[in-house]
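Both complexes shown next keep subunit A, but they swap its partner, so subunit B is in the first and subunit C is in the second.
For the complex of A and B:
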C-alpha cells in the first residue's frame, strides 16, 4: 500500500513503520508477536526445570539456577505472556467491535507497547547482572530484599524495576481502553450490547486499573528498599546485618497483603479475555447466541467486583486472625457461584446449537474443560482447613496451571479465530486440529500427575522417591506441550504465504463488526461512520453525519476533539469531513482538502528506550558505580527530553462526532482520561497510606509516635506546606476564571503564583528533611534517615512520592505558564482545568498526609 | 462558579487546616488521642470533599465520574481496613 493511503505511515514491509506506528491494529500485531516470544522464553525455562525434576535434586541447573528458572518462568508467563497476548487481540479487535477507528489516545497505546517490550528486555538483562531474581513469582518478603539475595542482587533489582515499567504500561493501557470504550462506541451501541469479547476486556481493564495500582505501590516500596535503603520489607537493621528481633513485625505480611490484593484480581485479569474468546467462539461455531447472555454479563460484573474481596485466602497459613480467614473463606466460595453460571451458559449454548469442530472451537472447548477441573480443584484451597494441608504443595501448582493455562488455551483458540482477519489468509485446519490434539495431550500429561504427586513441596527440587514416576510423566508432558507449538508456528507462518485468501468473514455465523470489513481491515477500519441507530450496522457518509450533527447540536457538542496530549492550537476551517471529527482545540490536518487522524510518532519508542536506560542505571546506583550512575543520568535526561518532544508534537486524534457515550456523555475524552488515571492514582496513594497504617498497627499505633519518631519532627513545617498547597490550588481555579475571561495577564499571574507556591512547598520540605537527617539526640544519635526505622521509612517514602507528584505538576505548570504567556488558553480554559484536576488531587492527598505524618 | 465562590471555599479550607493544628496545639492529641484522631480525620475528609466537589468540579460532572473516584477510594479503604483488621 502506498504511503499516501497510510496517512504518512511507511508500508508494512518497511521496518520503520513498526517503530512509528500508533495504529491499534499494528500495535495489536506487535503485542501478539512479542507475547509469543515471551511464551517461548518462559517455556524454555520451564522445560529446563522439568528436566531437572526428572530426578530429585538440583544436579542439572544447580540450586540457584533452578530457583532463577522457576521464578523467571512464573513472572514471564503471568506478566509478559498471558495478559499481553490477550491485549494483542484487545488492541486489534476492540476498536473494530465497538465501531471506533482507533483507541482514544493512539500515542499512549504505542507507549504502552514499547514500555511493555522494554520492561521484558530489562527482565532479560537481569540474567547478566550476576543472577536474576530467584525468590518465586510471588516475591515474598523478606526474601525479596537485598539482605536476603545472594551477591549484589542487582539482577533482582532490575526485575523489580522491570515490573514497575510493565505496570506503568498496564496503567496507561487501562486508561486508554476505558476512555475508548466510554467515548467511542458507535451510535446506538449500548454498553450491554457490545460484543462479549469487548465486554470482557472492559471488565478486565477496570480490574487492571485498580489492582495494578496496588502492585505498583508494592513494587515502588520494594524498589525503594533496594535502592534508597528504606526498611518496609526488612526486619530491623542491626549494624550491617539483619536482625530478626524486629521493630517492624508487619514486614512480610505487608507484602503479602499488597501483592495478593493485586494478585487475586490478576487471575481474573488473565482469565476474563479468555472467557470472552470462548464466548465468541462458542457463539460463532454453534451458530447460537450465548444462552443467558444477560446473566453471563451480570456474572462477569459480579466476579470483577468480588475479585477485590477474596485476596486473603492466599494468606490462610500466615498469622492473620481466624475471623478474617473465615470471612475470606466465605467470599472465596462465593466467587465460584457466578463462574458456575458462566460455565453452564457456555455448555447450554453448545447443547442448543449445532457445533462445528473447527480449531478455534476445539481450543475453546478444551479451555472450558480444563477450567472446570482447575475451578473445582481450587475450591479445596478456599476452605481454611484443606488449605492448611494443600498450601505450598504441587496441588496448588496443578490447580493454578489448570486455571491460568486454560486461559492461554482459549487465547490460542483466539489466535486461530482472528488469524484470517489479521492476515487475510486462512490457516491449515488439519494442522490446527493436530496442534490441538497434541497440545491437549501434552497439557494433561504435564499437569494432571501433579495432582497425584501433590505432596511435592512447591518450588523445591527435592521430592520423595516414590513420586518420581509422576514427575517423569509431567516432564514428558511438558515436552509434548512444547512440541505442539512447533506445529502452530509452522502452520501460521506457512499460511501467511500459502494460505487461502479470505474475504471479510470466513466464519458463517460470526456477527460482530470486525467481520463486516475486509481482512485485514483498512487503516481507519470502516468505509464510513459506523452506526447501530437503526438496529443494524450501517456506515454513514460524511454528509449524513454533518446533517445529523447540525440538526442535533448536542451531538455535535459531543464531538469536541481533544488531542492525544499534543499541542493544542486555536481553531481551524471546518470542512464537511472536519464536522465528522469536529475540533475546537486544534486545526484539521489538511491532506488533499480533508483532515486525517495522525498515525505515526517516534516518541513513544524513544521515551521507552530512555526509560529502559534509566531503570537499568537505577538498578546499580546503590553500588556507586560510575557506569550505572551515568546510565541513570543519561536515561533520565532522555526520558525528560522525549516526553517534552511528544508534548510538542502536533498529533491529531479526533473524537467521533456521533458516538454512544453513556455514562460519560458530558466528559470529554481528555478529561475522562485524566479522571480515570486519577482513580488509579487514588489506589496507589491509598496503598502507600494503607501500608503506613498497617505497619503502624502491627507495631502498636500509639507507641509508634513515642518510640520511633524524634521530638524534632514537629507540626509546623507540615502546616506551612498545607497552606502553600491550598493556596496554589486556589490559584489554579483563579487561572481558569482568568482564562475564561480572556485575561492573559490574570492567567499568567495565577499560574506563576501556583508555580512559586509549589516550589516553596518543595523548598520547605527539603529544609525539613535536611534538619531531620542531621539531628543528633540520645534516641537518634545518627540522625533520622530513610533507614533509621520503619517510621522514618514510611514518612520519607510516602511524602517523597507526594513530592514527586508535586515536581511533575510543577513541570507541567511551567510549560503551561510559557504557553499562557504566548497567548494560549484565552477563552478556552479546558487545558488548565485538566491540569487542575491533577494539582487538586495532589492537594487532597496532602490533606491526609499532613495529619497522619505530622499530628497523629 | 465565579472567583468569589472559589475564594469562599479557600477561606473555609484554610480555616479547617488551622483547626487541625489547633487540636494538637491545644494538647488534645496527648489528653484524648482518639477524640483528636476522629476530629482531625473528619476535618481532612471534609476538606477533601470540598476540594473535589468545588475545585475539581465533581459537583457539576455526571455522577458516573463521582462513582469512578469512589471506586478507587473504596478499593484503597478496603485494602487498608481489612489488612489492618487481619492483625488485630
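For the complex of A and C:
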C-alpha cells in the first residue's frame, strides 16, 4: 500500500482530488481547514464588536450592525467552527484509533462535509441579502419571525435554512460515526477499550443524534413560519398588539424549550471532543496512563445521559414553578460533579509522570486551568438566586466563554498534536510555545474583565462609564488573542516545507494505533487487518485472515462486501433529512480483503451544491421573485438528479473481514445505519408532536376545538388513510417474503401495491386539504389555511412532515419496483427489509398523528 | 369609623419600615460567600494543578525517576487506567461536598425569594409591567400608567410582568429584581427599596435594534411624597375608588387571615 496506489483517486497535489475524495483522512483535512476559515470569519466579527465596545455607544457598526455581528459571531463559532473543527480530528483520527480503514459510509461522510461547507457559504451569502439574522444565536421567538425582522428579512431566512443544512450534515455524520464505531473496531477492542478521544467522539455523536434532531424540528418549524406562513412562533396572529389574550400564548416558550433541549446537550457536544484531546495529550506528555480511566468514562456517560434533563436551567425566570426549578437545579448540580472527577483524574495523571511541556501539552494544561475557572463560575449559576441576577449579563458571557473557548484551546492543542501525523512534518516548537503564551494572555485579558464588568447586560453597546476600563481591556485582549493565530498560521504553513520530517511516532509514550503507521498514513491506513486479540496491536496478514475467515463461518458471514450505495439523502429537498433512507444493495461480493475499496465520488459535492442552490432559492420564494423561484426549481431538480446519480453509482466500501462488533454483531452495517437514522427521526417527530401538545395546552386543550377548528375538519379522511397505510405496510412484508422465495412476480406485485396505496394516501390527503383550504363558513370566511391560526398551522405542518416522509418512501418504492422488475432482490431481501423499516416507521408515526389531529 | 379609615390607609400603603430583607441583601450575602469560596477553591485547585505539572516535569535526564513506581505506557497497548485512582476519589468527594452544601444552603434563600416576605406586615403594592419595543408601561392599581416606575420606600412591590410584542426581560440591577417579559403570559417578581433615589431598569433579552437603549428610570420616593403623587395620578375617580375598594377588601382579608394565628386563631 503506497501513495501511488490510490484507486482512481488523483494525487493530493491535484485540485480535483479534493472534490472527489471520500477518504476519511482527506475529509478530516478539509474539515480542519474549513473550520479554521470559519474561526477567522467569526473572529473578525468578534473583533468588530469588541472595537465597538471600546467605548459606550454604537458609533461604529450602528445598532442593527452590532446586533447582526453578535448574533452571527455566536452562530458561526458554535456551529461552524468548534464542532466541525473537532470533527476534523474525529474524521482523521477515529478510524485510525479503532482500527478501521475508513468510515462505514465514505460517500455519506463526504456528503456531510460538503453540506457543512455549503451551509456555511449560505450563512455567508445571508450578509448580502439586506441584513442577516440579528436576533442572537439563541434566536428567541417571536423576534425570529418575519414580523419582527426589518426589511424583507431574506438574510434571516437564509440563516435558518443554512442551519437546517448544517443539521442535515451533523445527522448524517452521527449515523456514520455510530455505525463505524459499532461495526468496525479492531478485534479485541471492546467499546470501553477504545482510546479516550474516540470514546469522547462516540458519546458526542450519540448526543448529536438526538439533540440536533430537536434543533432540526425547531428550525423546520421556524423555516415554515418564514416561508410557508405558519404561525408557531407568533403569539399574535392577526398582528394586533396584546398582552396576554393571545392567539398562541405558548409561542415564545415553545421556542425556548425546543432550543434549549438542543442547546444544553450542545454544550457537551462542543466540549467532549476537547476533553478527549486533553486526555490524549495528558497521557502522552506525562507518560502516564489516565488515572481513574474507568471512572472517567463512567463520568462521561453520565454527563451524556444527564445532558438531556438540564435544559430548563436556561429558563429559570420564565415563570416555571418551584418544584420544576428545584428538579432542574438538582440535575444541573448533578451534571457538574462528574466534571470534578474528570478534572482531578487529569491532575493526578501528571503525578509520577515525565511531564514534557510541548505545545500540545501547554494548550491542554491551559485548557484544564481555564476549564477549572469556567467550572467554578458555573457553580455560581447553579444557585438559582444568583442565576436570576446573572441572567442576561456578562457573567454568563464570561462563564461560557471560559468553558467553550477552553474547549477550543484543547482543540488547538490537538492541532499541534496531530499536525505531524497529518502532514508528516514537525511544526516549529518555539513558535508553538510563543503562540500559547500570547494566546493564554489574550484569552484571560479578554474574558476575565467580563467577570468584573458582569453587570453589563448581554448584547448591548451601552454601559456605564465606570465599566469602560474593563471593556477596553477586554477589547485589547481580543486583539491579542486574534493576533496569536497569526503566529499559528505562519508556523503551520511554513512548517509544511521547512518542518523536519517525522516518522510514524514523534511523541514518546503515545500508544494509540494512529502512531503505529507512517505519517501521513497510507490510503488504506494499515498494512494488514489490525487486531488487539493478544492484548497488543498487531496487523494480521492476508493469509491469516483468509485462514480465519474460512474456519469460522461467523466471521465469513461478516465478510460481506456491502456497498455504501444508495444511502440517499436529500440534503437540499424541502425536509432536510427526511429522505435519508438506505435501500440499494449492489450484489454483495463475497471476498472481504481482496476487493478494492472505492475512494472517489463526485456526487456528494454535486448534491450539496444543488441543495445550496435550492435553499438559496427558498430563502426568497416568499417575495415571488422569478430569480429566487427559478433558483429553487433548478436546485430542486439538481438535488433529485444527483441523488439518483449517487444511488446508481457503483461504490465499494467493504466491511472488515475480522472486527469487533459488540453489541451489533448481528445487525448489518446498512441496517444499523437505518436504525440509527430512525432513532433521530423519532426525536424529530417527537419534537413536532411535543410542540403541538405544548401550544395546545398553552391555549387550552379543549378550547382549541371550539375556537380554532372548523366543523368541516372531520375524521373520515384520516381514518381512510390509516387503513391505506396499514395495508401498505402489510404488502411490504409480502414483498419481502416473495423476494425470499425468489418470486419475481410476487415481489413486483407487492411493491406496486405498496406504491398504489401510498399514492392513494397522498391523493386522499390532497383532497382533504383542498377542501379545508377553501371552506367558507361564518367563523372561517377565508378558508382554513396554514396561516389561519395555530391549530391549522400545527395540523398542516405536522401531517405535512409525515406526508413528505410518505412521498420520499414512494420515490424509493418506485425505484425498487423498477429494479425488482429487472430481477433484483431475488433470494436477497435485505434491501426490501431496510425500506420496510422506514415504511413501517412512517406508518407508526401516522398511528400517533391520527388520534392527535383528528380525534382528541 | 376613624379606626376604619386608619386601617384603610395602612392597607393601601402598608410599610415595613425596613424590616423586610430585601432581595438585594439576599443576593449580596450569597454572592459574597460564593466569591470568597470560589476564589479560594480556584486558587487551590489551579495551584495544585501547577504543582503537579512542575514537580513531575521531565528534567531531560536519561533515567526515569519513577521507573520502579509506575509503568510507562507502551506503543500499541490496549488502553487501561493508571494507578492512583483513590486520590481522585478523595478529591472528588471533597469538591462534591463543597458544591452540594453550597447549593443546599442557598436553597432556603431561594424559597424566600420565591415566596416573598410574610404578607402580614408587607402587603405588596401590585404593579403590572408591560414591555414593548423599546420601553415599559407600568400600570398601577388605580389604572394609571407611566413609562418610568414610581415606588414608595420601604414597601414590598410585586411586579406582574408581560410583553406586548417580543421576549424581553425586566430587571432593576441595583434592587436585584429581574424576570422575563414573555408575550402571552405573566411572570412575577418582587423587591423592596430601603433607600430613596433614582435607579435604572434595563432590558436583559435581545429584542431588536433599540435593545441597548431600552432603559427607564425607577424613582423610589418617601412614603408621603409617593402618596401625594399617587393621589393626583390621572384616571377617573371611579377607577381610583373602584380599584381601591377591591384592593382594600382583599388586602384586609389577607391581614385578618395572617393575623389570625397571633390572635390565637387557627393558622390560615
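FYI, the second predicted complex is superposed on the first by the 815 of 856 C-alpha atoms of A that agree within 3 Å, B and C clash if a C-alpha of one lies under 4 Å from a C-alpha of the other, contacts with A are read in each partner's own complex, and residues count from 1 in each chain.
Here is the rule we use: contacts are C-beta pairs under 8 Å (C-beta built on N, C-alpha and C of every residue); 3 or more make two chains touch, one makes a residue touch a chain.
All of these numbers come straight from a predicted model, not from anything done at the bench.
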item	value
Partner chain in contact with A:697 - subunit B first, subunit C second, else both or neither	first
First (subunit B), second (subunit C), both or neither touched by A:250	both
Touched subunit A residues, subunit B compared with subunit C	C
Partner chain(s) touched by A:376 [first = subunit B, second = subunit C, both, neither]	second
Which superposed partner A:319 touches (first subunit B, second subunit C, both, neither)	both
Which of subunit B and subunit C A:836 touches, first, second, both or neither	first
Which of subunit B and subunit C A:513 touches, first, second, both or neither	second
Where subunit A meets both subunit C and subunit B, residue numbers	250, 253, 319, 698
List of subunit C residues in touch with subunit A within their complex	26-27, 30-31, 34, 38, 41-42, 45-46, 48-50, 52-53, 56-58, 64, 66, 69-70, 72-85, 87-89, 91-92, 95-96, 99-100, 102-103, 106-107, 109-111, 113-114, 130, 132, 162-167, 169, 171, 173, 176, 178-180, 182-188, 202-213, 215
Residues of subunit A touching subunit B in the complex	210, 213-214, 250, 253-254, 257-258, 261, 308-309, 312, 315, 319-321, 324, 663-667, 672, 675-676, 678-683, 685-687, 689-690, 693-694, 697-698, 702, 715, 719, 722-723, 726-727, 729-730, 732-734, 737, 833, 836-837, 840-841, 843-844, 847-848, 850-851, 855-856
Footprint of subunit C on subunit A - complex, ascending	58, 63-64, 66-67, 71, 134-136, 140-143, 148, 150, 188-189, 193-196, 235-236, 241-244, 246, 248-253, 256, 283, 286-296, 317-319, 322, 325-326, 329, 333, 336-337, 340-341, 343-345, 347-357, 365, 368-369, 372-373, 376-377, 379-380, 382-386, 388-389, 391-393, 455, 457-462, 505, 509-513, 515-516, 532, 535-538, 698
Residues of subunit B touching subunit A in the complex	1-3, 6-7, 9-10, 13-14, 17-18, 20-21, 23-25, 29, 33, 36-37, 40-41, 43-44, 47-48, 51-52, 55-57, 61-65, 68-69, 71-73, 75-80, 82-88
